[in-house]
Every structure is written in structure tokens, then in C-alpha cells.
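Note that the chains are named A, B, C and D in the order they appear, and that numbering of residues resets to 1 at the start of each chain.
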Amino acid sequence: MIIVLKPGSTQADIDYIEEKLNDKGLRVHISKGEERTIIGAIGDERILREASLAAYPAVEKVLPILKPFKLASRDFQKENSVIDVQGLTLGGKEVRVMAGPCSVEDREGLLTVARAAKAAGASFLRGGAFKPRSSPYAFQGLGEEGLVYLSEARDETGLLIVTELMDPRDAELVYRYADIIQIGARNMSNFTLLKEVGKFDKPILLKRGLSATVKELLMSAEYILDQGNRNVILCERGVRTFETETRNTLDLSAVPLVKSMSHLPIVVDPSHAVGRSDLVAPMSLAAVAAGADGLIIEIHQNPEEALCDGPQSLRLSEFADLMKRLGAVIQVMGREL
Amino acid sequence: MIIVLKPGSTQADIDYIEEKLNDKGLRVHISKGEERTIIGAIGDERILREASLAAYPAVEKVLPILKPFKLASRDFQKENSVIDVQGLTLGGKEVRVMAGPCSVEDREGLLTVARAAKAAGASFLRGGAFKPRSSPYAFQGLGEEGLVYLSEARDETGLLIVTELMDPRDAELVYRYADIIQIGARNMSNFTLLKEVGKFDKPILLKRGLSATVKELLMSAEYILDQGNRNVILCERGVRTFETETRNTLDLSAVPLVKSMSHLPIVVDPSHAVGRSDLVAPMSLAAVAAGADGLIIEIHQNPEEALCDGPQSLRLSEFADLMKRLGAVIQVMGREL
Amino acid sequence: MIIVLKPGSTQADIDYIEEKLNDKGLRVHISKGEERTIIGAIGDERILREASLAAYPAVEKVLPILKPFKLASRDFQKENSVIDVQGLTLGGKEVRVMAGPCSVEDREGLLTVARAAKAAGASFLRGGAFKPRSSPYAFQGLGEEGLVYLSEARDETGLLIVTELMDPRDAELVYRYADIIQIGARNMSNFTLLKEVGKFDKPILLKRGLSATVKELLMSAEYILDQGNRNVILCERGVRTFETETRNTLDLSAVPLVKSMSHLPIVVDPSHAVGRSDLVAPMSLAAVAAGADGLIIEIHQNPEEALCDGPQSLRLSEFADLMKRLGAVIQVMGREL
Amino acid sequence: MIIVLKPGSTQADIDYIEEKLNDKGLRVHISKGEERTIIGAIGDERILREASLAAYPAVEKVLPILKPFKLASRDFQKENSVIDVQGLTLGGKEVRVMAGPCSVEDREGLLTVARAAKAAGASFLRGGAFKPRSSPYAFQGLGEEGLVYLSEARDETGLLIVTELMDPRDAELVYRYADIIQIGARNMSNFTLLKEVGKFDKPILLKRGLSATVKELLMSAEYILDQGNRNVILCERGVRTFETETRNTLDLSAVPLVKSMSHLPIVVDPSHAVGRSDLVAPMSLAAVAAGADGLIIEIHQNPEEALCDGPQSLRLSEFADLMKRLGAVIQVMGREL
């Protein structure tokens, strides 16, 4: 950690800070430049972070050197994490596609979607039983009934299930049905929930918050990893900007950025990012070209009648077309579906 | 709701949409301009929102006319809501100051801060027993022990307590000790938690999310109001922008904006917004001048030793000075401390 | 244009606004819903925009129906614009690559870069002779000397030249040397400059401003088109967000979004967007997969010695590698280099 | 400047960078921590910035220590700059109010506004003769005719004139009429224009760009100061965020932030920031409470008929009311109108 002192700082200021740092067991390195004195504090970064060094009156700024996460970092683990989901790998050579409706609405509709997803080449069925909706008056999901339908669709099609957990009190319930437990963007900083799923032995799909930096996403992953669950899959789903033509702005540079900072796999959800079905296909292709390990795509048998997110859902035939084009890009990237 | 059709839409498209809307019990109004045909749908806005109208291929865009919240709106209640907190009003003529440390660290420190806050003119003691920290390695709060200390400080000073609830499973516990239950910025869209506190008969302080619009803040308030708890106090605490010199950007225009859209009171937390103690005083004065009903200010007996947010905490003497200056601005605004 | 009146508006308010609109030659359509009265104004959108309708006390909000640009829109021209640059097309089947240093620094270096760019398959040489630098103390470009070097490099390699114009007083000078005249992101709303280049008969590369919406980018294009120059190439180069690990956030959804709203071609500059050379290759591949008509990539024979933007410049060998991988993605997208 | 090396860097990497830095005449300070080696480079910051240190393969990141601006900084000049505008000071004890229409539309209207502004206590008349409009079809200003009207209004009322310069070719013309020359937000990074006005002996009002950091605003001021013109007045006018209810988000924390970083005065333009007249008064009061040295407020004799920005313009009577309330806040802040 580098501590930059204000101009005009005295030797007494330097001595005082040095003493405080020594008290915490840190070594100190002082460098006096022409305009600023700089103190380098060497030792356990965790202690340093908790010290409120910037509150000292003589301190101008504090510059951390190390990343604030450890278990999630490439420094900690050099090789990519390949997550095992009931025998299916994610984060390896394959690019995995997760498809399904925003929310599970009824048995028949879900089965129709699941069969089409399977036929087109998807590996996972996504669908929410518990839905975080910005309006209390909007459809909030079917709850356990939705989980049952998902599990029936899995039985029939063999697709594995990705579904969201919102309430720590539903953790056991969702755990029983899901193959991958999703933590939604709105809950990326719900540390209570993160600690809860950190105790599970099933993979967690952690979505990036609407205005979270990649570093913060990795800090949230660290909460899960720190509890013992090493099976974390990150998900880029768009961040909030001033652009109003799209629902959010898909940040595809997060894909190679995550790869450079972390060993964890990352998938991309273009549907929530753009919020319009006509932009989903090009952004799906782009995500794979950027190096994504998978995609989450909203599809619906009848988007006009969807109870949630119809305008961003692909029709089943559009999805089938997209999967063909995706296959070609996946291959040229040296990967497999 | 206004539905704009794409250029080249046919009479069949119009008829189809009209029929669908009629099926839902809505009246329809059609207006053909030179370049676009526009359909106005008149009736229950709630039904309209749930219809995925934008998913119809012939639809270019859908423009909502009414606000998506009802109970929180000025349309619903013309007069300001004045919240009663154990006999103390918030949202009326008085401007209320809530002061205290970021997190409760120990009994003695808290009492020192509480006495100073009381002496300087604060009405509430703030302090976290459960802390949402971006790092799993950072101090996470004392839990119930912290609540006990807060209650002891209340007993001695008469200051009422504002403290945060993070986990729905702690709801009863926090309810027992708190006078105002805070929902933090990271949990503004934790709808599980909102529904939970909507069942309480104590006031809720709802902080604006880091990238939430004012409309979304009011939608989150609607979740609480809809459950029956009409005592919601909003809080502006800075939003995320590209500026890096401050922790966040305090959006003071949210104060008069909330006043124009809603009857709910709004307080401002300049400490978390700016993240540096030297900017807290001017932004506190500005918040009152903008019409805020209260302030939440972080203070600490020894910011250099704070376990959390030291750099943004005022020293006790700085707080006393600020309260004097605040008093003058409050008076000139025609309000009282 | 849709005018929504405040609740409680009277018939007199409606009559007053109707009369004002009729005075401007507009037809009026009134629809009274349960909670709001809505006035549809039909006629010349241009007149409507200039009317300050939202300033009427009875007006709650004004919703425009038509896009504010005309010549740039897909409504105006259905087929893609294919720009001819000295016989080379841009916006057609080919994906064009523009490569070169941030700024022209010296003759030898530029020639080295140009030869490598040509050998690897680029069609254009980019390089700044006039550089917009945020610091007045930074290298500001070689001026005309830089243009001369660019033209020598063109003579030798056959690469066409893309170079930036900053000052309307340099317009003729830059026009003499450039094949495509670039308007930088910082000048996207420099309407003086836009009008100036709108008079030229050479193609203009218009970069999206750091916080411009796609609609605003198209409005700036409209300035150029309106002056008579129909050869506008748009460029996505990253927008400003809260993310700090990358210089800006590359918004690749702007590519299909532009394609849906406009007939103009769009190229992508991943180098300026990410600001780090290690992310340039994946984002280049992703841009092509998203449908970009071209790429602008910074390359340098020795990035450590670059006077400008070294950290984001690819080495010549890295660029050659990228071009091979790009070729494969271009082919699979059904396009050609 | 602090250079952090990647983990696994060798002694050869360190030696190589040390040698490169020594070649540039810089002293070097090396500190090896447990996880990272850090190189401190001491000497002329300007040389360091131009070195593309981050492009070295062994370098993880480069952390600057000093601010990139000099003449604009508090380090350079401790006392506040008090700007003299034709005998009127700005940046001293007084808070100056600049009022007027967005654009000069006609002689009579301007005189009406000017008389009202003067009567209410304003010191400056603002009004655009050259208008940067996002649409080429919108009113672009009267040009010199507008400057003539402004000067007639000055002759009659004694109000000094603030007006915008957009084109370097109009510099002499605007200089002849203006008392303060405004550089608009869209031109904050138009370095051509900044250099031009840096040669003038009249004060420059430099508006913050829509997505500029305060540091970048001060860098743009540095361009003007570096050319010899020390009379720079900064202006906060709102930045771009995701909030859509206001036109932009007024960042009042920029006021005390500028005061801490720079000696230059800062005024606030609430009208452009919020874009709605009903929020202008509270934000004006807040700006003064935050420490602003002045305000720029749009007023119009008939906002419904304004050719530009009607919805955000105060009526003349609203402005007179605001001035009374402002006077009280100004006084309580220990300042004068």
C-alpha cells in the first residue's frame, strides 16, 4: 500500500504514521520526492485495508497495490477453473448455452420451450420460479410449483436447470431442484445470500450487478469461495449507462478482463443486457468471439403473451437459427458446443 | 399507454392489436399520422404493463403514460407524509439529524459518540450492527451485541436509533431494538427484504441504490407501502458515475424531484456519497437548502481508528461546528432543527 | 408528438394548447383517459420540436414519436450506404481494417508500421497529425509534417489514409492529404466542425462521443449529411462508465443498434475503448461478430517508446496474429477482408 | 510515479526499467514486497507521463502521484483567484448571478429580460448568439445580430455580458462584445478553442463537459492558463448519468471539490443540469450553500414561446422570487450578493 502525504507534511507526521504502521506489524519504506513524500507499507494487505489510513490529516491519498480478492484471482490459481455440473463441464473447451423463458409460467409452455431448446443444442434450461420484479404488482413467479415444472422438463429433455434464488429462507428448496443456482444482478451485493450459497456443493451462477465493476463482481465471488464453494460461474448481463435505446449496455470487455484477473469461467446474458430481441443474435455471436464460456438466452414459445420480458425473448425458430450461426463462430474460435 | 407502430404497418396489424387489447378489457384509440400510426390504450394500467405489447412484430415502441407506482405518488396523496418515530416527527417542519459511526465497534466509543451527537443537536443515533461490506475479510459488524450497545446509548441520551437490516431472518431481532429500520443501498432491490419490512409497524429508511433512478426508488418504496407499512423515509446517498475523486456523486436534485413525484419524506446521507470528510459539511448545508427533511452523517471519536469508513467520518468537534452552521441554514429555509 | 396533461387540467387548458397547436398548422387529437388527458399533435415534427410545449404549466410531459434525425435514418433510406473511398468500398460485404499509430511520430517509424499493416491485410493507415490531448504538456502531433509522412506511406504501400481534423481552420490542409477525415470523439458535438466537413466530398469518420447516445451520434451525422456530404462512417469507440479497469466501456450493441436505426456503416475502435493492448484482440473479434463494417486498431513498432497511447497499441507481430484470427471470423460471418 | 511490476518479474525486468528511467534523468527507488515489486520514479512528472511505462510487458500498473495540472492547482497558488470582470469581482466574497435567455431571440425580448434580471439583482446577462444545438434543424442563434442586442442591453442596464464562443474563427468577434467568454460543455475538450481563448485578456467561463471528471475540467482550464490567460471561471452544469427524470445530474460536490483542488472560482448552472424549471430554485439555493461563487440561471419573458430550452427557463416573476430567497442563503453563508 502506498501512502502519499500532503505537501507541507512534517517529519513528525511521517514519524507518527510510521509508528502506527509499525504497531500493526508492517514494514515501512519512505521516499521523499520533490513535491510529495511517499510511504510504502509492506506486509499483510488485509490489515492495511482495515486501517483507515486516509483519515489521517497529513495523508493526501492511499493507493492499494494488491487486488482486494484472493481466492478468485489468477495469482491464486493459474489454470482456468472448469466447473462440473452433474457431469457437464463449464469453463473448458465447450461453450454452453442456457435457454428458456424469463419466468416459468405453466407446465405446457415450459415443456414446449425445453424441447425446442434441447433440439437446437442448448445444454441448460433457464427459468425463474422466484422473480425479482421492480413492481410489486408484476407477476412474482410460481414459487415451488415453477421448480417442479423445471424438474419435469429436466426429466423429459435431459437439460440441466439454472434457476434463481432470492431469499435465504428458500435456499434449501431451490437447492433441491436446481443444478446451477443463480444469484441475480440485484443480489450481487446481497452478502447474506452470498454466504448462504457459499455453503452449498452445487455451482453458483453469479450475475454482475447493474453498476458493479468487474473487481466488485470478483469480490462478491470471493464471498462464495471463502465459504468453501469453489464452483462459481460469473455472468456479464449489461451495466447501466446513459444509453436509453437498449435496456442496459452489454460490457463484453468484461469477458477478457475477467479472464485476465481470475480463473473463474464467465458466461454472457445478452437478453437482459439489450432488452430487445432483435439485438440478441448479434450480441450472442459477439460474446462467443470475445471468449465467453457460455450464453444465457431468453426464449419463449409466444413472446407476445409472456408474463415477463416478452420483448427481449427470442421465438423458438429464431433461437434455432441463432444456434446454427453460433455453432460456426464457436468452431472458428477453436471451441465446441 | 401509447403504442407506436412501425412504418408500413397494415390495417391487419392494427386490427390484431386492437382485438388483443379489447380482449383485455381496454378501450382503444387510433390516430394515423403521416409517418406513424399510434394506438392509445385506455384502461387499467396494470394490465397494460403486464402485456408484452412491445413483443408484437408490428410495434415500434410502447410509451407508458402513468407512473408505475401508486401509493408512493403525489397523485395518490397530495399532502406530505409526516412520519411519527416514537413521538418525533420526520417530514414536517423540522429537519432531523441522524449521526453516529458507520459501524458499532464497542460500548465506550459508541457512548462517546452518542453524547456528542446529542449535545450538538442530533435527534437520532445511527450505527450498523450488521454491515454490508464489499470484502468478506472486512469487519462485518457486532451483530446483536451492537444492537444492545445502541439501545444502551438510547437509554442514556434519548437519541432514537437508526440501524440496518440485511437478512430477513434477522428482521424480528432488529425490529426489537431499532426505532427506524434502515434498508441499505445494496438492498434497495432486495424485494424479499422489502416485503418483510412492509409488514412492520416501525418506520423504514430506504436508501437509493447505487444506480437506481428516483422512479425505481419509489417503486421499491411501493413494495413496502403495498404490504401495509406507510412509514417510509427515502434517502439519497449518492449514485455511481464516472467521477473518481468522490466515492459516489450526491444527486441533490433527487430531493426536489422526490417532493414533486411523491408525498414521502427524504433525507440525505452526504457521508457515503462523497466518501471524504472534508466535503461532508458543504454537502450537508446544500442538502438542507435543497429541501431535505433530514441528514445522516457519519461521525467518529477517532476516525483514524475506525473499523469502517474512517476517511468519511467527521470528528466530534467538526460535527459540532457543522451543526451550528446547519442551524442557520435550516432557519433561513423556514424550518427548525 | 404526444402531450400528456397534468391531472386536474381543465377544458380551458386543453383549448388553449389546442389553439396554440392549430396556430402552428398542426392537427390535434384529444383522448381523455381515467387519470390523464392526452393530446396528439399531428403534422410537421420539426415545428413541434421547436415549440416549447413542455413549458406550458398544464403539461406533465411531452413524448416525441418520430426520431429527431431524418437523412441518417433507415426510414429515409432502406438499403445500406456503401461508401466509396478512392475506389475501395466500406459498408458492403468487406470488413475493412484501419491500423496505425496513435500519432505520427517520425517518417521511419510510420513507414515500418505501414509496411507491417499492409502485409497483415489492412486497407487503411490511421495516424494523427493533430492530436487532441487532455494535457497541454503532452505531445500535440507533428501537424502538416505528419500529414506529409502519411502521404509518403500511402505512396509506398497503397494504404489509404485516415487522419483527424480538429480545427476548422485546418480543414483544407487535412482535406488535401486524407482519404477519410476523422472527427474525434471529443468533437462529436463540435457542430462548427461538423458543418465544415459536411461541405467536403471526401468520407468522414465520425466517432461517438464519450457519453453520447447512439441517437445523438446519428444527430451529429445528420449535421454532416444535411450539408450535402452523404459519405459518413460512424465509429463506436467506447463510452464512459464507472468501470475503471478499462479506459472506457466498448458498447458493441451500438453496432446492431445503428444498423437497425440507420443505413450508415459503422466501424469499431477497440483500442481506445479498452485502453490495454491485451484486450484488443478479443474485442476486435467480437466487433466483427457483432456486425461491424470495419476496425480501427492502434499498432506501434515499439509501444514502450510511443509518444501517445503506448499501453493500448499492439506490437506489429501481435497485429499480424490478430489479422489471421480475424480473417476466420470474417469468413464465418459471410463477409470478406 | 509508482510502477507496480507483475508477479514473477525478474531482476532483469527491474534492471531494464531502471535503466530506461535513468536514461530519462529520473531517480529510482525499488521496494520488494512479498507479492509485488514496486518501482518509485522520482523527478520531472511531465517526462514520466509521456513515457509509455505501462506498455512494458513486466509492468502491471502505473500509479501517478502528482496531479496532471499545475497552474490550476492549489499547490501552485494557495489563495483563491478573484477574477476582475470590468471592475466587478468574481470569486471573492460576493456571489454573482448571471441570468438571461438560452438564446438571444429578438431585441425587445432581450431588453425585457435584461431589465427584469437587473431589477432582481443579477450582475450579468447571459444569452447565446451562437448556439450548439444537437439538431441541425433547430434554431442556431442570431450570430452577430445577437451580440449587438446583448451589447444594447448592457448599455441600458449596466449588466455585463456572458456569451458563448463556438468557432475559433469567431473569436475576435465574440471578444469585441463579451465581458466573459463562455466555452460550452460540448467544447470543454475542444483544445483548439481553449488555446484560442487562452490568448485573450478577458475572463473565460469554462463549463464542465457532460461526462468530464473534475480533474479533466481542471486540465482544460490548464490549457487556457498555460497560454497566459489566468482569468478562468469554472462552471458545474450537470453530468450525464442513468437518471432520466432530469436532463443531467447536477454534481454539487464538484463545488467543494474544485475548491480543495484549485484556486479558481466556480459557478453553477442549475438550469441546464435539471432541465425543468420547477427544480431550478431549490438547486440554486443548494449551490450557494455548497459554496458556489455564482449562478447562471435561464430566464425568459415567455418560456412557452422560447426558441430554445423553454421548459427549463424561469419566468421573470419566478426569478424575482428566487433572488429574494437566494439573498437570505447568501447572507447566512457569510457572503454578499
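By definition in this document, a contact is a pair of C-beta atoms (placed from the backbone, for glycine too) under 8 Å apart; a residue touches a chain by one contact, two chains touch by 3 or more.
Worth saying up front: this structure is predicted, and the values here are computed from it rather than measured.
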{"item": "Chain D and chain C - chains in contact with each", "value": "A, B"}
{"item": "Steps in the shortest chain-to-chain touch route ending at chain D and beginning at chain A", "value": "1"}
{"item": "Reference chain B; chain at largest CA-centroid distance", "value": "C"}
{"item": "Of B-D and B-C, whichever chain pair has more C-beta contact pairs", "value": "B-D"}
{"item": "Gap in Å, rounded to a whole number, between the CA centres of chain D and chain B", "value": "31"}
{"item": "Inter-chain centre distance, chain A versus chain B - centres from mean C-alpha coordinates, in Å", "value": "26"}
{"item": "Whole-Å gap separating chain B and chain C, where each centre is the average of the chain's CA atoms", "value": "38"}
{"item": "Sequence positions of chain A contacting 2 or more other chains", "value": "211, 240-242, 244"}
{"item": "Residue ranges of chain C in contact with chain B within the complex", "value": "2, 4, 7, 29, 31, 33-36, 38, 40, 42-43, 45, 63, 65-66, 75, 240-242, 244"}
{"item": "Residues of chain C that touch chain D when the two form their complex", "value": "20, 46, 49-50, 52-56, 68-69, 132-139, 166-169, 186-187, 189-192, 195, 210-211, 216, 219-220, 222-223, 226, 240, 277, 303-307, 309-311, 313"}
{"item": "In the complex with chain C, residue positions of chain A that touch it", "value": "211, 213-215, 239, 241-246, 249-253, 255-257, 260-261, 273-274, 278-279, 282-283, 285-291, 328-329, 331-333"}
